[in-house]
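Right after this note come the structures.
One chain, subunit A, appears in both complexes that follow, with subunit B as partner in the first and subunit C in the second.
Coming up: the complex of A and B.
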């Protein structure tokens, strides 16, 4: 029963990712990407990772989808004629993907045999908070630095050209 | 227990390369900058799954979760900054085609 649920989840995640790539309109692709994030969230919950699952759901399925929607709303949408022409071009580029994924899925399912890991592993404790704050302090500093870099990067990107004095 | 674990490994080690394949195909084939970003996002989903599977089978989910949280923070910053770059490219060229990136100066 457990493996059946895992198979269903893995297949749905792969299909959601395929849907995100194959969809013609970018809005639907962004929604499909959010669906992929939701599937990953369910898998994380199943594999005893609730904190990572909550992060994945709130940031990846929520915030990043909102960023995609905002970006799409600030760019020019295609007209109906442009969309029809584009769909034909897209089909010529993307028709190979589903067969490739299908063949790769069959090949991987045949060649990857069920295997077990018998040798012991060193564990770092069960509490994610103590692991993050005690063992991975450099990661916290890195996260803060990356967030600062992102904020300053966006400020520079959207800086008013008149105030900067010269054209970039 | 071991049977369940080995089956779990087989299932997800089959799915993860497929998701990587989909993401890489999307990045290679597309001409749209937003779709390139969607491809990158799909690749990070595959990495997230790989990290948690590795953590689960080695009984190290706490460590895997801390790495996933770091990955998600990096992912959000990358997407926000890339969206800003894409909007500036669109503002300057009125198009989202990847060839517009070649016209950047500096």
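Coming up: the complex of A and C.
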């Protein structure tokens, strides 16, 4: 059965995600996203999926946040007035989002009573290594393809020639 | 064997990018063409038993759980035809040699991704391979990095993000309720408990994502911008096969093999199909940009496939799959013609063109064949598939939908005649006196595709018995 801690974690995850979407400044939105990932990490640990939790923490909360921060450090920051204006616009655009999420949560609670955060198959699965290499080989090949596509994407879109012909 | 169609392009791309291969920039193109021909040959003439053999000499990768059905074979053929043509056209239309090499590599990876999409038997793996093709498409559309290209790519990314969200949510719901994402287990769970609210929601979410990917009305907002703003060869790939694989094929495969037909689903498919046919055709009538007109016409033609599927009958599904194959052939060819026109004249604005058939006779003649096939004029292959779909609608009692399909064919004739008149017929537009036919690399794919439209139309019994009827018999 769902415990009070799970409900608190789910609520905190939702709040952090809403914060990430509605926050006007990109820096704070990135921090909120990292906070969401931390919450998801805790949930994954509680679901007895430690490997998924470690990936979530290191890649989503860690690496991706670092990439976001690095990118933001290369951009020109907004002035205080611009920031206030942008935050106001964002609130006026997304003010319906929290009530919609709230209504969806209530509807789920009413209509799907046996809903539980604990799934027997998540805890009784075989070794992750054998699952990945024996059962999900096609997924791994697909992910290698995605990585290669990403590499070529960076080359095609960001490697330009100067007029002198010298590559940058 | 099926795994080799995914792994060979992947390994080839890695090899082409080794430092010792740096001087062989043309090799990926040659490999791509030979691979496409081999794939087409396998799809047409290989024995069924061949596909189960682990031919690929890597025993470690024998657990990919792929399945080659008759529908998969048709898709292998369509992928080979459209992607092979796109490879050649990209090579001859892109000027920057280094970029050309990287784009060919990207298309090879997209081919591997598409072969994966049509071979997998698991919903999550299907999603992974759809993402491979989608990400390659985002990059290829944005290739020129001008305002239009970035806008087209961004629209596609945003709509795809919504589709991804819907598909992933559906996968999570299926995992929650069935404990698996395998096609067979989901199909079994849906059959045994058809009234499950969670599973019904999952089916709806996944289908919503697929409709976005296919560009069906009312989820079509991204498609004309993406097709029109992409470089010529990329438009050929997108219109020829990408949206058909990630959208329409996935829809047909999931509905026939996993979700199953229900009265509600049939009504939805018929409504979306009819809406796509009419809205796409009416929008195409008002366009002045060749590629935008062809993009809207794609929406309309994909509506025929969806409406054929919506009949829920053997003959309707057969017609839908046949029209999918035909559309891959004639739309690839028409976009190849548009590439030739854009390459030679520097414009896609039909109001600035005219009388080009006099200077570009091969492009003019092949475009007429393509448009007649698309409009459903006998004996071209497009006629047979539309005829089968209309017969299926009529026999299933959906007579109003049959009438809509027939009436929209007249609209297809109208907008394609308008395109022919404004681009190829009449007086030669000023400034094009010294115009020449496009180079062989752009014209040859169009000639081959026009020949396929004619041969597939005349040899209709062979195509029907070899490719189409086995699909209908198998579900």
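Operating definition for what follows: the second predicted complex is superposed on the first by the 149 of 168 C-alpha atoms of A that agree within 3 Å, B and C clash if a C-alpha of one lies under 4 Å from a C-alpha of the other, contacts with A are read in each partner's own complex, and residues count from 1 in each chain.
Keep this in mind: a contact is a pair of C-beta atoms (placed from the backbone, for glycine too) under 8 Å apart; a residue touches a chain by one contact, two chains touch by 3 or more.
All figures in this text were calculated on a predicted structure; none of them were measured in a lab.
Novice: With the two structures laid over each other on chain A, which partner does A:49 touch: subunit B (first), subunit C (second), both, or neither?
Specialist: After superposition on chain A, A:49 lies in contact with subunit B alone.
Novice: Once the structures are superposed on A, label A:84 by its partner contacts, choosing first (subunit B), second (subunit C), both or neither.
Specialist: In the superposition, A:84 touches no partner, neither subunit B nor subunit C.
Novice: Looking at the overlay, does A:131 come into contact with subunit B only (first), subunit C only (second), both, or neither?
Specialist: first
Novice: So, does A:145 touch the first partner subunit B, the second partner subunit C, both, or neither?
Specialist: second
Novice: Please name the chain, subunit B or subunit C, that touches the greater number of residues in subunit A.
Specialist: Ranking subunit B and subunit C by residues of subunit A touched puts B first.
Novice: Please work out whether A:103 is in contact with subunit B alone, subunit C alone, both, or neither, and reply first, second, both or neither.
Specialist: In the superposition, A:103 contacts neither subunit B nor subunit C.
Novice: So, does A:153 touch the first partner subunit B, the second partner subunit C, both, or neither?
Specialist: Both subunit B and subunit C are touched by A:153.
Novice: Shared contact residues on subunit A for subunit B and subunit C?
Specialist: 112, 121, 135-136, 139, 142-143, 146, 149-150, 153, 157
Novice: So in the complex, the part of subunit C that touches subunit A is made up of which residues?
Specialist: Of all residues in subunit C, those touching subunit A are 6-7, 10, 13-14, 61, 63-66, 96, 98-99, 102-103, 105-106, 109-110, 112-113, 116, 120, 122, 124-125, 128-129, 131-132, 135-136, 138-139, 142-143, 145, 175-176, 179, 197-198.
Novice: Spell out the residues on subunit A that touch subunit B in their complex, using ranges where they run on.
Specialist: 2-3, 6-7, 10-11, 13-14, 17-18, 20-21, 26, 29-30, 33, 36-37, 40, 43-44, 47-49, 51-52, 55-56, 59-60, 63-64, 67-68, 70-72, 74-76, 93-94, 97, 100-101, 104-105, 108-109, 112-117, 121, 123-128, 130-132, 135-136, 139, 142-143, 146-147, 149-150, 153-154, 157-158
Novice: Across the complex, what residues on subunit B touch subunit A?
Specialist: Of all residues in subunit B, those touching subunit A are 2-15, 17-19, 21-23, 25-26, 29-30, 32, 34-35, 37-39, 41-42, 45, 48-49, 52-53, 55-70, 72-81, 83-88, 90, 94, 96.
Novice: Considering only the defined contacts, which subunit A positions touch subunit C in the complex?
Specialist: Going through subunit A, the ones touching subunit C are 111-112, 119-121, 133-139, 141-146, 148-150, 152-153, 155-157, 159, 161.
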